[in-house]
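Listed after this line are the structures, all set down as structure tokens.
Look at the two complexes coming up: chain A is in both, with chain B in one and chain C in the other.
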Partner chain A sequence: MLSFILLATVMTVGALGVVTLRQPVHAALSLVGTLLTLAITYVTLQAHFLAAVQVIVYAGAITVLFLFVIMLLNAQGDERAHRLGWVKPAAYVTGVVVAVGLMFTIFASPTTLPDAATISAALQGGNAGVLGEVLFSQFVLAFQLVGVLLLTGIVGAVSLVERRAAQEDREQELPATTQRERELTRA
Partner chain B sequence: MLSGLVPTEYYVALSALVFVIGAVGVLTRRSAIMIFLSVELMLNAANLALIAFARQWATAGAAVALSGQAAVFIILAVAAAEVAVGLGILVAIFRYRHSADVDTLSGVRL
Partner chain C sequence: MDINWLVISPPLVLLITASVGVLMGLSFRSTRPVALLSLLGVLVALVLNAQLFGRSEPLSAFGLRYQADTSALAFNTLILLGTALVLLVSFDALERGLGGSEYYPLMLLSATGGMVMAAAGDFITLLLGLEILSLAVYVLSAWRPNARESEEAGMKYFLLGAFASAFLIYGIALMYGATGHFTYARVVEQLQAQAFTQTALATLAGAFILGGLAFKAAFAPFHQWSPDVYTGAPTPVTAFMSVVVKAAAFAALLRVFALVYPNLNGALTQALVVLVALTLIIGNLAALTQRSVKRLLAYSAVAHAGYLGLALLAADTDGGARAVIWYLTAYTFMNVGAFAVLSLLTDRNDRGDDVERFAGLGKTRPYLAFAMTLFLLSLAGIPPLAGFIGKIFVFQAALQAGYTVLAIIAILTSVVAAFYYVRLISVIYFREPEYAEVGSKSAMTGVAIAVAALATVALGVVPGWWYGLLGVGRQLLAGF
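Up next is the complex of A and B:
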């Protein structure tokens, strides 16, 4: 219980950091902290394989992709005021109301956890072997669809980049004066 | 109370809290990158709830209990694809508009 409270505190602080920090890089690093805490929480829930995948895929690959894009675009945080000024306070109020309501709903009907032996027998530590067995028998259709989705994602990402390269070639072919004019009108 | 396994409610409550924080982030941030980060937070909160429920259903047998964890695995793959395509679109928008501010991206508004 003590370790859970510690993990929950770190995770909540990290999540609040993602939402409140101004610099995108700081927010992304805060997200890394939250995701690593989540991985530890998965270990306490006997999902060891998913904890490893969480560290490798989320805290590793996805966050590096985020940081790469943030630094590539040199993106700045939110500077000016919101165009719809009432959205921000309304969002905070809604968030607090929903959180309190969910807490009441969750703790209204306490559940009894099965004993440790039953949990260990059913989950078997959530290792890759047992998880793979379920994935390739019950979830084989979903697994195939995820494969198709990933392929579509790759093709989509490549097509986005490719179209951009072709347009840049066309821009470079234009005379210098025309390009200067285009930049002025764009600015 | 201070020893033994933590009940499922606590994990679900933590998941709900992180989800709400992520939702507030989606509503309040204006930079598209920050909105993406908040969406990742929401996805991970859902994953935490699924894994907590997988442990709760241990009495129903290995196949049922582990299906929660298998769902999380599939969500992870979908999230990875979503991030790759989403950040690609973001880079494309940034090249055109020189800003990732969602307030200025009202081109498809009726």
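Up next is the complex of A and C:
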């Protein structure tokens, strides 16, 4: 219980940091902290596979993506840029509604959780093998289709980018008259 | 787990062709070799698909997760035919300036997704099929080089599509929460069980799933994306979207509506009634005021989704399901035909699709004008063409299922529709040409137009053959 309280505190502080910190990089790093603490919580719950996935996918890949975007956009803190007036009240309302909803589900209809023995039996020690067996037997079609989906994504992304690059090359090679013509047609 | 290779062979052939096509595209400057390979792949898949028709044993793979029942086979035939025609239309259009040989593999991948979607026996397979189908089309919508509106089309479709997918995923998750299963068979079993208590959750799930699929099918008010995306995308891709994406979406809707929704709250059926009524009215009225032919056809596609939706409401009867498939067959040919004609009239960069391009076409290019007239008349539902017979089947199914008011709305709006189709025909024949030299020539597109025109006439004159074929073998939609 003590370890949970400690972890929960760190997690909450991290989550607050994500929302309140001005520098995007700081916020992203704070998010890493939160996600890693969550992974440790999974370990204490005996869900080892989930913990590993949490580290690899969330703390690893997704945060790297965040940092990439921050780097590419060269975002410098809160720029107080153009904001829609209704966003802030709407965010508050949404937050309150979600909080009330969560409270309602927790307190209004309390369901007793099964005891630790039942849970760890169901998790089978967070065994990746069990998960793999389900994935490759029951959900093998879905598994393969996800592969096709990723292939589609890669082919699509590469072809779009590559075509644009080829186009820019061609545009530079074009003689002045055709360039002018092009601009005219574009206008 | 049973992996029935014969059953999954048609989408598998497309997938393999697409993979080979990607690699082959690297070694050729021209896009034509990949185009021919793709066409070959589609034809092989078509043959493999056709030989599955009318078998007496139930065809499924992966434990009911992939079901090749008559409905799936018919939809897959439509998807493959539509893809083949669009490939023919793209053949010269791509060489004229669209470029990029990855176009064909992406189109094949998209068709693969559509076929999987049509045969999906569970929600996960449905979702993944839909994503594969959509992702490739998002890219293809942005295919026109140096065209802002094409980039806009791709981006808009992608963002709104992601939004719709989120709806669908949320619905599926809720359905899993309510029933504990993904496969339609188990979900229905749970919904029908006496001890089932999560009715509210299941209804909410049904609403979200309907919303997600209604977006793909372009039902009003989820149709907002379609005019912009249809206009921005290259004309062959627009043709692909309007027939293949639509066929896949309706295949999924048909199966879900015939099997799952009868066990859910009746309010969901009422929701679809409202959607269909809105689609019919908005689609047809908005089409009246369009200056661009692509936009006109986009709104006409929305309107046709309304007629299909009308048949969808009667999905749990045999006539309704058959009407959906029959109407889509007619729609595939006449719509691809119309877009094929349009693709011959636009500029090199696929720009320019205003009504004036068609002015005087009757004099300058009489055959093209004749074909276009045929497609437009069929879209308007003039006898004896395919569109007319399709409408008859749809209205009949709707009336039998008791949707009299909706059928009357549909009949009234199709009178309105006739007005804007016929106006375009009058531009073709009774206006002087305004462009010195219009468009281009392409033998392959000519073949596509000829096939589409012949099919439009043949389906109208001999409607019984395809309608009868849908009743061969086991039942149209596999029960469990």
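Just so we're on the same page, the second predicted complex is superposed on the first by the 150 of 187 C-alpha atoms of A that agree within 3 Å, B and C clash if a C-alpha of one lies under 4 Å from a C-alpha of the other, contacts with A are read in each partner's own complex, and residues count from 1 in each chain.
Keep in mind that, in the parts below, contacts are C-beta pairs under 8 Å (C-beta built on N, C-alpha and C of every residue); 3 or more make two chains touch, one makes a residue touch a chain.
All figures in this text were calculated on a predicted structure; none of them were measured in a lab.
> Identify the partner contact of A:Leu141: answer first if only chain B is touched, second if only chain C is, both if each is, neither if none is.
Touch status of A:Leu141: second partner only.
> Could you let me know whether more residues of chain A are touched by chain B or by chain C?
After superposition, B is the partner touching more of chain A.
> Once the structures are superposed on A, label A:Gly156 by its partner contacts, choosing first (chain B), second (chain C), both or neither.
A:Gly156 sits against chain B and chain C alike.
> Across the two complexes, what residues of chain A are contacted by chain B and by chain C?
138-139, 142, 146, 149, 152-153, 156-157, 160
> Which residues of chain B touch chain A once you look at their complex with the stated criterion?
That would be residues 1-14, 16-18, 20-25, 27-31, 33-34, 36-38, 40-41, 44, 47-48, 51-52, 54-63, 65-67, 69-74, 76-85, 87-92, 94-95, 100, 103 of chain B.
> Please output the residues of chain A touching chain C within their complex, sorted ascending.
Residues 137-142, 145-146, 148-149, 151-153, 155-160, 163, 167, 182, 185-186 of chain A touch chain C in their complex.
> Which stretch or stretches of chain A touch chain B in the complex?
So the residues of chain A in touch with chain B come to 1-2, 4, 8, 11-12, 15-16, 18-19, 24, 27-28, 31, 34-35, 38, 41-42, 44-47, 49-50, 53-54, 57-58, 61-62, 65-66, 69-70, 72-73, 75-78, 82-83, 87-88, 90-92, 94-95, 98-99, 102-103, 106-107, 110-111, 113-114, 116, 118-119, 121-124, 126, 130-131, 133-135, 138-139, 142-143, 146, 149-150, 152-154, 156-157, 160-161, 164.
> Note which residues of chain C are touching chain A in the complex, please.
Going by the criterion above, the answer is residues 1, 3, 15, 19, 22, 61-63, 65-66, 99-100, 102-103, 105-106, 109-110, 112-113, 116, 124-125, 128-129, 131-132, 135-136, 138-139, 142, 145-146, 349, 351.
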